[in-house]
Amino acid sequence: MHHQFRTAEGPVEVTLAKQGEVWHLGEHQASVGRDGRLMIQLANGTSGHATVAKVGDVWWVHFEGHTFCLERIEPGASQSEDGGGLTAPMPGKVLDVLVEVGQLVEAGQTLMVLEAMKMEHRILASTSGQVTGIHFSAGEQVQQGSVLLEMAESED
Amino acid sequence: MHHQFRTAEGPVEVTLAKQGEVWHLGEHQASVGRDGRLMIQLANGTSGHATVAKVGDVWWVHFEGHTFCLERIEPGASQSEDGGGLTAPMPGKVLDVLVEVGQLVEAGQTLMVLEAMKMEHRILASTSGQVTGIHFSAGEQVQQGSVLLEMAESED
Amino acid sequence: MVSTVLVANRGEIACRILRACKEAGLTSVAIYAANDAKSLFVELADHAVLLEGDTITDTYLNQSQILKIAATSGADALHPGFGFLSERADFARAVSEAGIQWIGPSPNAIERMGDKMSARITMRNAGVPVIPGEEIETEDEEEALIAIEQASTRVGYPLLLKASSGGGGKGMRAVDRPEDLLEAARSARREALASFGDGRVYLERLLTGSKHVEIQILADRHGRTIHLGERECSVQRRHQKVFEEAPCPTMTEEIRSAMGKAAVAAAMAVNYEGAGTVEFLLAPTGEFFFLEMNTRIQVEHPVTEMITGVDIVREQLRIAAGEPMSCGELHLRGHAIEVRLYAEDATNNFLPAIGPLAVFQPPEGPGIRLDTGVRQGDEVTPNYDPMLAKLIVWAPSRVEALQRMRRSLDEFVVLGTVTNLRFLRELCDVPDVVEGTTDTTMIDRLWPDGWAPSLPDEFEDGALMAAAVAESAGLHRQTTSTTDATGDSGPVSPFMTLNRRYP
Amino acid sequence: MVSTVLVANRGEIACRILRACKEAGLTSVAIYAANDAKSLFVELADHAVLLEGDTITDTYLNQSQILKIAATSGADALHPGFGFLSERADFARAVSEAGIQWIGPSPNAIERMGDKMSARITMRNAGVPVIPGEEIETEDEEEALIAIEQASTRVGYPLLLKASSGGGGKGMRAVDRPEDLLEAARSARREALASFGDGRVYLERLLTGSKHVEIQILADRHGRTIHLGERECSVQRRHQKVFEEAPCPTMTEEIRSAMGKAAVAAAMAVNYEGAGTVEFLLAPTGEFFFLEMNTRIQVEHPVTEMITGVDIVREQLRIAAGEPMSCGELHLRGHAIEVRLYAEDATNNFLPAIGPLAVFQPPEGPGIRLDTGVRQGDEVTPNYDPMLAKLIVWAPSRVEALQRMRRSLDEFVVLGTVTNLRFLRELCDVPDVVEGTTDTTMIDRLWPDGWAPSLPDEFEDGALMAAAVAESAGLHRQTTSTTDATGDSGPVSPFMTLNRRYP
């Protein structure tokens, strides 16, 4: 059984073996319990129960008091381009746009101000570079995931 | 939408109509909520939420603090014969058989003693009549639903 | 010093103890039979070790296997919970001899109090009033039956047969008329033998109209033996408690003080250590009689915890480690009620039920505590005691506690297995319960022909409509498990079956 | 007399109040916006009435619509909860004028305490120490900015800008340097205007190293005004409390008595009625300064309920009905801690998160209380405050309460929506929290560059394995709803997205 997941550090490939009711991943072992629970035994001796649920393509896993979101990459799916766009973290309203197309910005500089859940949220530049596109203006509603601005990274 | 359910008092037929998101049953109304919940408004003004779950053919319903088991009768299924057999209410072991085939018994008389969950349970005659069959003897294990004894009702 | 605790139990009390261990920073070891592999308590333990064997005798009652696991898992203490081996002096002794701290009183104290007959004698000698009755010492069936028959004429009717090693209502029979005595005695002895490996029974006058009132005791090795006030547990069906409260609604300061003193004296008479309970019958006259002492934690300990603010299980762990108990001067605050949620059919003589817990949604909010060993998705099997959970509420007054219990039970949803939920809810409206004038015969007195819910017709209409809409809309609630709930034993609805077969 | 209570709120506090009404035998009416039609509080109410309109202004803030519903539903009392209209004197006045009992203090008391500036002046006049600072009365943007700039030189840096009508951290900005003042002031005014319809702000010296300590007040119409001891709520992120406890770990009897006296004096100065909270800053020197008075029930009221045994919401209902409060002499018992479970990304400046609650499994056992408005299967939307639940624990001592909180948070499972669960869990191990030396700047001080979990690598291995096995075994946990959770807005995993985009 081969699966690929996207983690914060990048894609990870996982290949499982199964013997009887026990799953193996190297020296780690797992078995399936009731109602979305799994028993996990790690090679280093740690053992515990995991609770899992799938939402869309993402497996949510609770293990040892931590919660993980692991997006499953469909076999054969092409990796989406990851650079450039700055997307809305949640639905909301654009309060203010603080930059213009073509402007050079520093990492950490505020580019746009959103309002959601009655709070202000600042969209910051994650790197220094140049603003290459602005897709919303003040007063407009944005959906979660909408690309708000586009940036070209400066070559440091 | 036509359904048939078996209740303690016998089979009940239910025919629903649907308008938009609202279901109708005579003057009663219902709409579907989240996670197995329904909003029910009865003709007499009572309104409340029901929680439902299906186990096998049985719909379990929690409504107004009461819990109901409603067995759905598959369309076209023939009614099973209901008389005669006395079945084991749960898995267990036969401790004692207190009657013999052919014996006349009174309603309420103890016919058999089972042990389950470390407790004794008595199988009583629900009517007066004659024992026509005994399918287990002391020491034997019985499954839930096993027919333990057969009786012919006396004609009162 | 204690660092690793083996919990020799299962279900909700194992969860209670394992959580207390975790909070105390102690490593915990669970033991479990194969059919418990997916139970909550196994998840809560730091380590869990499988018990070989198929029957309870081979697993949770298997002393040598448990001792072996304790040794290999590095446990330096063992908590027996209640039931199972908790009142087996021989096991307590074997545990101690293996160099493992027994979390409970000495084997000698268990012996003297655990055997109901010797306890009666001990208490009588200590000047504590006991119920008129007689002990039958012989183990031989025929001799015992003859002795029981003879004793019955001296004790008088109605009388109660009780297992000498009993508890939890097992091996207990009420007998109203002489002609019922022998069958009841045989049945009680058989059940006692099966449950406790000891068929001896004793006879007691059945004191009708009395309350079951018990005193919680704590004793440490630093010379302190205290009581934590009383619990009332009069509401019983099949001689098992279902509704418990603290304080007792008719208690006076005077009786509490006298009863507390008697209980402390009882504990000190056997050099008691740890948590224990001294049970009394409280007659309407205010007289009280010693019933028995339970030398272990009790199912209903939470109501005392709620009104005293003492964490009794945590104190057990402290006392076993040789520390002084941590609680200071006690003040009772407010009122607590516990109900026991059983998988059982209250409409059919409280016959145990089984099935999947397709939905298990406990109530929430202020003043509510739930002690349980199950979760939604679990399966209720016939292998163990059918108690699913204890729902405990606290409120500033008894009236408010009852209001809160009603609200909580109305919110509690359990689908897939028949439970006594509605019975418990309707109990809260019974005049005796509302007024606090409960006694041990209340349920039999109120419902001599069995209980049935007060169910307005239109509610069944609502339920039928809900089922029909759910079927039409395709709301087939699914649990995630790959094992199909309907796979092993077929769909189980004892509610309906039982209702029709055994009226 | 009160018989039917309209609850003009939503979410967990509506649930809290509706349950209290049910326990008190009062009929309850909920009002709900269309996007709340399937929320828990709607289920808990006896009657629920839909609010027309799409925005909060049109629904939960719509005074005339709510008054109309109150009239047609036969409500004779109205509980505003917290937030929304709870501190709007004009609404309280309109409710009273409609012949409906406002469950809270008089409009006059709300006005005098609700406006932060007039409250400061009232308190100063009553001899209660206030924080050095200045009020800016003008509503005009440009005038206000000039006045703020001038005042800032007198107040000194660091300073705090606060919305005059504010609460819950909205419209609040800490300013460390003069060059940040104007942007912060504009932003604070804008947020204040949007949240409260009032853009006025005032300036206060930022007292670093201080604790946020508040006194709970109860006052009835029978001449009794009492305080229920203090709560400490120093642990805040984005000026919002996340971790609250009672009592304050560094409190002395002397300071409690002085602070309690000041709070009672403050309440009596405005003829206060019902439940209220007087907030203070407690400096390391033991000096304390009035911050503001909240003229309503507070989010963190449960910790006071746990240590005093008083049901504050129930007392609100009694007081509003003209009855005397029911609590007698108070004794503080043990220690209580509350944490607020937010749908937010603690690794990304606590940005609110949304998504389905595919799994929502709260912890169980002794000493735990959960106040929530959600259930497994619900959807977290951007429409309202992202607080999902309050988890409250009680134990005999602070050390034990922290141990219990750790255990409870470890047991709490929420899947499908990013929450601050792990952040709360790790808070319990922070030395300042363990020692009780928390102050209002702790989170910013400890994690100036944002928080990240301490996550051993092998745990991610375990999680990856769990996901892979679950995928292979087909454990696609499904909720029963016919509306596909992925249908409306696509799968949402702000955790990952945010992590990568905004480091």
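Going by the order they are written in, the chains are A, B, C and D; count residues from 1 in each one.
Just so we're on the same page, a contact is a pair of C-beta atoms (placed from the backbone, for glycine too) under 8 Å apart; a residue touches a chain by one contact, two chains touch by 3 or more.
Because the structure is a prediction, the values reported are computed rather than measured.
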item: Interface with more contacting C-beta pairs, comparing B-D to A-D; value: A-D
item: Remotest chain, chain C as reference, centres from CA atoms; value: A
item: Distance between chain centroids, defined by C-alpha means - chain C, chain D (Å); value: 40
item: Separation of chain A from chain C, taking each centre as the mean of its C-alpha atoms, in whole Å; value: 49
item: Gap in Å, rounded to a whole number, between the CA centres of chain D and chain A; value: 29
item: Shared interface positions of chain A, touching two or more other chains; value: 32, 35-36, 53
item: Of all residues in chain D, the ones touching two or more other chains; value: 361, 375, 410, 473, 475-477, 480-482
item: Sites on chain B touched by chain D in the complex; value: 32-37, 47, 49, 53
item: In the complex with chain B, residue positions of chain D that touch it; value: 37-38, 43, 47, 375-379, 479-483
item: Touching residues on chain D, where the partner in the complex is chain A; value: 56, 170, 187, 190-191, 194-195, 238, 348, 351-356, 358-359, 361, 382-386, 409-410, 413-416, 418-419, 421-422, 425, 453, 455, 458-473, 475-477, 485-486, 489-503
item: Chain B residues within the chain C interface of the complex; value: 1, 3, 5-8, 12, 14, 16, 18, 23, 25, 28, 30, 32, 35-36, 38, 40, 42-44, 46, 48, 50-72, 82, 86-87, 89-92, 95, 113, 115-121, 123-124, 126, 143-145
item: Residues of chain C touching chain D in the complex; value: 15-16, 19, 22-25, 44, 302, 305, 309-311, 313-314, 326-327, 331, 333-334, 361-362, 364-372, 375, 395-397, 400, 403-404, 406-407, 410-411, 473-478, 480-482
